[in-house]
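I've put the structures underneath this note.
Next come two complexes built around chain A: one with chain B, the other with chain C.
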Partner chain A sequence: MEREEIFGRLNEVFCEYFDDDDITVTDETTAADIEDWDSLEHINLLVAIEREFGIKFTMGETSEMKNVGEMVTAISEHLK
Partner chain B sequence: MRILFDLISEYQMSLISAEFLLFIFAVIFVYYIFPAKAKRIWISVANLAFLLFAGGAYSVLLWGVGAAAVYLGSLVISKSGDSLKKIGFWCPLILNVVILFVTRYQYFYKVRAPFGVSFYTLILLSYLIDVYWGKFEAVESPFEFVSYAGFFPAMTSGPIIRYKEFNANFKEKIRPDYKKITFGIERIIWGFFKKLVISERLAIIVNTVYGDYENFSGLYIIFAVICFAFQLYTDFSGCMDIVLGVSEAMGITLEENFRTPFYAASESELWRRWHISLGTWFKDYIMYPLQKTDLMVKFSDFCRKKFGRKAGKKVGVWPGLLILWFLIGYWHGGLLKYVIGSGLLHACYMICGQINEPWLKKLHEKVGIKADTKWYVVFCRVRTFLLLCSGFVFFRADSTVTALNMYRGMFSGNVGIFSAEGITSLGLDVPDITVAFVSLFVLFVAELFMQKGSIREQISEMNIIAKSIIWALLICSVMIFGMYGPGFSAGSFIYQGF
Partner chain C sequence: MRELDYPFDSEDLLTRKRAIRKAIRKETEGINLPEKRIAVLGGSTTHGIIEMLELFLLNKGIRPVFYESEYNMYWEDVMFDAGGLSGFKPDIIFIHTSTRNIRNTPNVKMSAAEIEEALNAEYGHFEELWNKIREKYGCPIIQNNFEQPFYRLLGNRDVVDVHGLHSFVQRLNSKFYDYARAHENFFINDIAFMAASYGLQKWSDPYYYHMYKYIMCVPAIPEFAYNLSNIIGSIYGKNKKAFALDLDNTLWGGIVGDDGPENIEIGQETPKAQLYSEFQRYIKAHRDIGVLLTVDSKNEEENALAGLKRPDSVLSPDDFSDIKANWDPKDMNLKALAKELNIGEDAFVFVDDNPAERHIVREQVGGAAVPELSVPEHYITEIDRGGYFEVTSLSEDDLKRNEMYKANAERGKLQKSFADYGEYLKSLEMKAHIAPFEDMYMARIAQLTNKSNQFNLTTKRCSQAEIESYAANDNYITLYGALRDRFGDNGVVSVAFGHIDEKDKAVFHIDLWLMSCRVLKRDMEFAMMDKMIAECNSRGIKRIIGYYYPTAKNGMVKDFYDLQGFTKVSESEKGDIVFELVLDEKKEGFSDRGVRNKVIVVE
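So, the complex of A and B:
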């Protein structure tokens, strides 16, 4: 799956999870850019992403992702 | 030999002693003479020497056992197959947790806790878990490991450093850097100012009231509770200034443990600014794995169905939040007063904050309050500070019962503290109270500038006369107003006890 396709699907997950259709995620998007994305929401968001892509992040990845770009890289690694 | 051993065993080096200043001067001096490759060997030697001076051979031995287990276990994890990986992970983990429980919480035997055990256990476990999770390969060099796992500035009260963050400092050759060394020294002086001028003074008021709370009431107790918040903050963050300053002078940058927490406008923001490394440790290694378990994922799904998407998301994390805060409180000393005051009370505040958020938003819209107006932000900051203080009543009191009695005494309506006799009955005379308030004002102004970035950068951009005056004033105030010297022994750092 190409990065752009992953970004597209990921964006839908973000919009649905945070109930905000105006969200557009980029490589640099971090938790600081999305109002409700705090440490409490982080795992539930990841679970929603895991379900969308049918993957399972490792615990190492879970606490290492610093921005959406790293998230997309991790997803594409799992989809290989 | 025996006398020397006894001397070392009895001697306890503190971060606020002349001996420690001499120690770090010698360590840093030799550190920069050593070639790059030998620097971590030297840090390892300094780590063991500090632990020996601060906690005796007993602390070195117990730290050594825990650290050796993690070092070997992590090598097993990195170098072997799946079945051995689990042994390499669980054996050192259990051993370190047992050492922490037996020595620190003392449920079974009365034994002395090794120096810094609460902090270095979390440092060791973070390394072990990170290797197990595949974040990086275990290091083979014992010196590389010991230089991190026993990093001496962080042994007293943290911060709970992570290997990746620590190791990043050695990616490039460390050379003596004038800016880093002077900035480090400046930060150490600032730490001494907070500890010796402010914290030690406020400690007298706090000790007077908490030590004899039955004879005080009303505003006397409230005043002491507020003083304790400032005492603890200047004590703990002052200690961190010394720790981060020493590290900076060695060319090692560590993550901040405090970011002007009294400027936080909400409970959740507060905990992103106060004792940051502890919060992120429990979040990364306890809360995240817990929330990822099938049981918790199912519970989250259930909550979303039951309470709707928006509310369900919040309710779904509450069990994790309560467990997280229970453990954070428990870590402070295994007593009920810590579990309440440094744990569950704050979890409840956060949960209440989430429950109240929707209707408060509506109320604000109705009444016309804008969340970003200055006075409203000030109101939120004061409210957050008072909530923090409410937990500190438990934290500082001898027991939960004492804390509850103090709460009862608080609302008696005694306002006598506003008189000259009232305020001077708390152990400090008028000049000392004046010094305490002026110093707190200096701290307040300095932290206001810190909101705009590094205050040392801002000062370094001033002309030579202005910056000389600022630093000379600070050094003089520590020397003149600092509470130290013959006949006075500055108390150890509060978090050193944990």
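So, the complex of A and C:
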């Protein structure tokens, strides 16, 4: 799956999860850019993303993701 | 809301929780739901649990307000309260601990005596906490038990050997259960079952604990919260009361009208017949815990009865409180059943293999539970996990309920043979016991305040702890009434209490007055009021004030105080009405109304 396609599907998960259609995620997007995205929400967001792509992040990946770009990289690794 | 009814899609709930929360909050906005203050004291993360719990409780008709302890401060919050918890004034305290919170774990170097000591220390830590809560808050406590550890140091021996953690956890759980059996208002949230049922490996995935300090995997949170909401719902009287059961391909295999009663699948002859028999046994066992069984089936009645009368059928026609087998739409039959049994339409669980029938009942009957059924081999699980009849207390009345409804039917037959209603009432040879709240009935009294909707003047809901506190307070007068007659014992059927005015000791306010609809028109309310007035008089009270607060369901008692001989004082725009009765100790019955009960012997 191309990064662009992953971005598209990821964006939908973000919009649905935060119930906000105005969200656009980019490589540089971090939790600081989205109002409701705090550490407690992060875990549920990850579950929603895992569900969308049918994958399961490892603890290593989860703790190293610094922004959405790295998240997309981790997803594409799982989909290889 | 359909998304929140069991069986729900957990992942969908987690993904769309914001949208669902918005929708359920909107749906329940402006509706007068009872507000309950729930303190969640966690030994691990509780954030996601509270979010899901809110959704399920709103869906059950309870508006929760939460207090959340700081991370892993469940013990300190109670023992060294800095004002947060006591200021919150909890109605319920939920203690969310798990095997991860056990501090005194055994190891193979310890002697049996040392392990025993560790066990007692661990248990003592919790018992101290519960006793403190009981003494300080007196509110119901919900406590997790311990799930099995996800590894076994000693292999299969871990559960046998006292050094094993599995053995330790089981013994600790056992002590928790002993406490739960010995104390009312203390409930175990059985996460050991939840974890086993979900799959222990998945449930206990260490990823979620180490990343976020959740003791269970996040996708299991909705199931966890739902199970917890069932306990809370049950405490506040949200349990269902009856099954409305389809027959063909639900209680037996095949269609009795087409195949003939001799050819339906029930009994022990085929695997399918055995499966339906097991399901019938499961349903029948509900009679014993006080759930009413009814039939709602599209059939000729004769055929329906023929199916149930087969000698190898587990359920027989006598097991049912009412049978509707006809060609009317099922939603109409269900409404008729509700009317005849004098219970709410929303008190039913409708069980039917046909999706179209489930759909129409879901659409037409507000509040009834309509579980999705897949295949007969999963019926039990699909109904059981719905938690519709969560037993938080099993009162004597629950155990006798089916007999009571039978006795009602016999009374109905007798009534037809009397021309004069007064003569009929006398022929019932009724005897009432009316007295201040007593210890053995506290559970039943609290249950009645949460379950009675129709004959209920103020619809005040009370926990058992509150009921006990009124009974112990000298400024309150409390009464319960139990009624027996020649056909049987109705148990506790009426509850009333009120308090003496703080400023004027000669004035008494009636806070709650309710009666079970199964003794309507038996003059029990007059016997109760005669007694209440006598009690007030003996305390030197000169004026009794009664209140009627209208709800969607209590229209039948709008004139209650009128009929009791009270005078209307005022009526607000909302329809709240205030009545009064002036006492005069020189008069018979201590007021102008006199003594009104002439048919019940009060003991």
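We take it that the second predicted complex is superposed on the first by the 80 of 80 C-alpha atoms of A that agree within 3 Å, B and C clash if a C-alpha of one lies under 4 Å from a C-alpha of the other, contacts with A are read in each partner's own complex, and residues count from 1 in each chain.
In this text, a contact is a pair of C-beta atoms (placed from the backbone, for glycine too) under 8 Å apart; a residue touches a chain by one contact, two chains touch by 3 or more.
In this text the structure is predicted, and so the values were computed from the model without any measurement.
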Once the shared chain is lined up, is A:13 touching chain B (first), chain C (second), both, or neither of them?
second
In the superposed arrangement, does A:47 touch chain B (first), chain C (second), both or neither?
both
Just to be sure I read the superposition right, which of the two partners does A:26 touch: chain B = first, chain C = second, or both, or neither?
neither
So, does A:64 touch the first partner chain B, the second partner chain C, both, or neither?
first
Would you mind listing the overlap between the chain B footprint and the chain C footprint on chain A?
19, 39-40, 43-44, 47, 58-59, 62-63
The residues of chain B that touch chain A in their complex are 130, 133-135, 268, 283-284, 287-289, 291-292, 297, 300, 309-310, 313-314, 316-317, 320-321
Residue numbers on chain A that touch chain C, as the complex places them:
13, 16-19, 39-40, 43-44, 47-48, 51, 58-59, 62-63
Interfacial residue positions of chain A with respect to chain B in the complex:
19, 38-44, 46-47, 58-60, 62-64
In their shared complex, at which residues does chain C touch chain A?
11, 14-19, 22, 45, 47-48, 207-208, 210-212, 214, 218-219
